[in-house]
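Common to both upcoming complexes is chain A, partnered first by chain B, then by chain C.
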Partner chain A sequence: MASDPQAFLRDLIERQRLQSLAVSSTGFAFDPRSGQSFTINRTGLATLEHLRRTADIDETVSALSTRYGVPADMVLGAVEVFVRQLARYLV
Partner chain B sequence: MEDSDRGDDDAWEPPFIQPHRHDINKFGRYASPDQERARIDGHDIEDLAAAYGSPLFVASERRLRENVRRIRQAFENRYEGTVVHGWSYKTNYTSALCSILHQEGSWAEVVSRFEYEKARSLGVPGRRIIFNGPHKPRESLERAIAEEARLHVDHLDELSLIEAIGRDRGECVPVTLRLNFNTGYTDPWTRFGFNLESGQAHEAAARVRRSRHLRLTGLHSHIGTFILEPRAYGEQARLMCRFLAEAEADGHTGIDTLDIGGGFPSMNALQGIYLPPEQAVPEVDDYAAEVCAALKEGLDGRPPPTLILESGRAVVDDAVSLIATVTGTKRLPDGRRAAILDAGINILFTALWYHHPVKLARPKTGEPEETVLYGPLCMNIDVVRQSVRLPPLVVGDRLVINPAGAYNNTQWMQFIEYRPPVILTHRDGGLSVIRDGEGLDDLCRHDHVPPHLAPPLD
Partner chain C sequence: MNAKPDNPGPGLAVARCLRGLPDFAGRLIGLGYDALDPGLHHGLLDAAYLLPYPTSGADAQFERLTGVRENERIDVVIPCLDAELTNFAHNETRLLSLGMRTLAPTREQIKGRAKDNLPALCRRLSIAVPDTRPVTDPSFFDRCTDDGWTYPLVVKGIYYDAAIVHDPAEAKAAFHRIADQWGYPVLAQEFVPGYEVNLVAVGDGRGGMVSPVMMRKKALTEKGKAWAGIAIDDDDLERLASRIVRALNWRGPLEVEALRGDDGLLYLIEVNPRFPAWVYLSHGVGRNLPAMVLRLLAGETAFDPPPPRPGTLFIRYAEEVIVPLGQFEAILIDGAVRTGSGNRKDP
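Then we have the complex of A and B:
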């Protein structure tokens, strides 16, 4: 099992788990594999979008840091926690 | 972009994904937090915390008076005799709150030498003090007898001690016997008083009858705490009336009070109770109706004795709030959000058995999420709420915890942190500090350092 966030992300993408998650613009998400639904907050939606597109945590952090005007190290910790949440819920 | 130019959509908050719960309460959706800034009796929470610090207990004079009047009125409306409320000191003996209730006509119900002395220091005459509890030192009993307090007797050794004092004083001391029994609705509290089913209560009454220095003037029982079944009190009243009739038949003709104790619940969320308090907690009128109907039937035309209620938490719990402040946030490895508060079980002892309602003082922003609330203690057990839905929290956010008035300002402990002040919101809109916050001098006043240990240390 992967242990670092980038490895978690790679595993999620290889298993098509991020791509298969159905997400509405209001933050409602549905996992067709488990039947579980979720709420994703506004910054979570933006983060997910970048993760899906780039498959890279550093690029996602850089983009979010610029967009929201907050230091990259602050964004990095939050994105890593978010990726761990995704890995936990999208088993 | 300047921060001031950013709209809410551009504000950073940590991203999260939250699974939807399927054990949603069948009575409805989870309530969303209020959009308004929280206030207590018109006072803004932020203003109170800025002026008096955090954490901070805030008591409402208006609510306290309303509560005790409502409870007493519920019984007075249904009972032909006199109704007395005995304020349970152990529930909250903050002096100003006791004084409010004494202004409202409540007697003092005390259970220790300290509480007795406190009631007297607040100006309560002995004849308006109910002296309860399993431990009454001889000197306290001597004072209470001299001051005509009402003695509720817990065990035979205490009865013997009272009899001995009566003999020494050349008096016949009035006593109330505390009874315990099984109503069939709650687990009986058999450790206090004399048991009915085993015959112990009858034996105690016989012992009083044989003594020239004792006379039975009252019966008391307290069937438990946070009792959600009004019929339990109806059965209690029936059993007490039956014992009263038997005692009178045996020659005890001076019984003039029936004390049904307390135990009425407050609008708090007891752990282990599925329903929310709005659904689980009956109206006080329901309790009064059960008790008074049973008394009417059980007294069977006898002149009604004075009915004493010792309700504590139902009177004070929602009259006191605790303001706490978020001092840190974190995401736990299992994905849950957590916040560290400046108030924990050191001052909110009842967090051990309540799911205290918690409200964010400012208007909510962001999606609510299950959040763990930790206190400030460096102890793993210091958890204010294991799980409560709250919007994203940031350092400095104020939370309001209510009800918090029962058993916290008495069972709180000086452990690791100083205990905070208590303020009172007056009916006229004013504010008073009714208990100072602690400082180092308060905590060290009782310490003594022998000379050979005095600083400076090498």
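Then we have the complex of A and C:
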């Protein structure tokens, strides 16, 4: 099992876990492998979209920092927590 | 049929699947073992008959079905009860002479996936399985921690029933209750934390697995049976089931029960040699498995099932079936009932 957020992310992508997640525009997310569902807020949705597209935490942080006008170090902390949370849900 | 409120048998669900086919024009005949079996009285069926209990043996089953055949043309029998399968396997050729076809496992296949043979099968196929051992002496539960076992653990019947126990007293109580009902040996099994995932499919008898449908339980009865479930798509589970079907050349319906451990590994728990009660979900996700049995028996070999629809839920409910006294009398005295409607459509 990965130990740092970027490794967590790589693991999720390699196992197709992030891509297979079904996410609606309302933030309802369904994991077809486990049958678990959960909700993601608007910033979470934006984060997930970037993570899926770039597969890179730094690029995601940079994009979100620009989009929301928030310092990158603050965004980084939030994105890392989000990735760890995804890794817990998508075992 | 064999249905109980919080633990329904698969028979009615199989009947609902078939009745749900838009082009189904056949008659549905229920076969059950108890006059109070609700499936015998359900309006989904055109007629229903009592069979002698499976313990009466294969000859008694054949004799009764020969009698039923005098009243009903039966083209296909879909056994739905573990205990009756051996008799059906024994009678397969004789039933064929009456025009009744079955797509059911052979006795060797039934034995190959039996609970006490499962660890060996898993070893052969390199499938993870919780450590399991047969127990005939309940004092095992007092000293099992000396041999490396840890509580909680699971106490299981050889055919049915299971309890999670947390100490020797609970374990011995479960041991006696299960042994009284289901006989010896009782099985002690390592408890693996995680969540249960199930798969239902049909084996074509040549090593192929047709149209798997997978489900995760979302709400449980006290017995741990699914009261609600959601369709999933788990490649690992599908591969695991495929290996079992291929290794046994499985013929007929089967249910694979597995556990996705908190460690991420998939552990095989059980292989049931028939459709489960939740098989109606297969109709709900567009992969009507009882229909697959009919297609296989009709000689079809190529199947292109639609993609599974993960996220489709089922939620079970119990309903009262109203039975006129004359119908109850008919099943008790004649062992047969014609419900008459037999054309009720389910959504």
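Please note the rule applied: the second predicted complex is superposed on the first by the 91 of 91 C-alpha atoms of A that agree within 3 Å, B and C clash if a C-alpha of one lies under 4 Å from a C-alpha of the other, contacts with A are read in each partner's own complex, and residues count from 1 in each chain.
Assume a residue touches a chain if its C-beta (ideal position, glycine included) is under 8 Å from a C-beta of that chain, and two chains touch if they have at least 3 such contacts.
Please read these numbers as outputs of a predicted model, since none were measured by experiment.
J.: In the superposed model built on chain A, check whether chain B and chain C fit or clash.
T.: With chain A as the common anchor, chain B and chain C both fit in the superposed model.
J.: Thinking of the overlay built on chain A, is A:Pro32 touched by chain B (first), by chain C (second), by both, or by neither?
T.: Only chain C; A:Pro32 stays clear of chain B.
J.: Touching A:Ala22 in the superposition: chain B (first), chain C (second), both, neither?
T.: Once the two structures are laid over each other on A, A:Ala22 reaches chain C alone.
J.: Using the superposition on chain A described above, determine whether A:Val79 touches chain B (first), chain C (second), both, or neither.
T.: The answer is first: A:Val79 touches chain B but not chain C.
J.: A:Arg42 in the overlay: touching chain B, chain C, both, or neither? Say first, second, both or neither.
T.: The answer is first: A:Arg42 touches chain B but not chain C.
J.: Angle chain B-chain A-chain C between C-alpha centres, in steps of 10 degrees?
T.: So the angle at the centre of chain A is 80 degrees.
J.: Just to be sure I read the superposition right, which of the two partners does A:Gly69 touch: chain B = first, chain C = second, or both, or neither?
T.: Touch status of A:Gly69: first partner only.
J.: Name the contact category of A:Ala7: first (chain B only), second (chain C only), both, or neither.
T.: So A:Ala7 meets neither chain B nor chain C here.
J.: Looking at chain A, which partner touches more of its residues: chain C or chain B?
T.: B
J.: Considering only C-alpha atoms, give the closest distance between chain B and chain C in the superposition, rounded to the nearest Å.
T.: Across the overlay, chain B reaches chain C at a minimum of 8 Å between C-alpha atoms.
J.: Report, in rising order, the residues of chain A that make contact with chain B in one complex and with chain C in the other.
T.: Common to the two interfaces on chain A: nothing.
J.: Provide the residue numbers of chain C that touch chain A in the complex, in ascending order.
T.: 195, 197, 215-216, 218, 229-235, 260, 262, 264, 310-311
J.: Quick one: in the complex, what on chain B touches chain A?
T.: For this pair, the touching residues of chain B are 1, 3, 6, 9-20, 331, 333-335, 366-367, 392.
J.: Within their complex, state which residues of chain A touch chain C.
T.: 1, 20, 22, 30, 32-35, 91
J.: Give every residue of chain A touching chain B within the complex, in rising order.
T.: 27, 29, 36-48, 64, 67-70, 74-75, 78-79, 81-82, 84-86, 88-89
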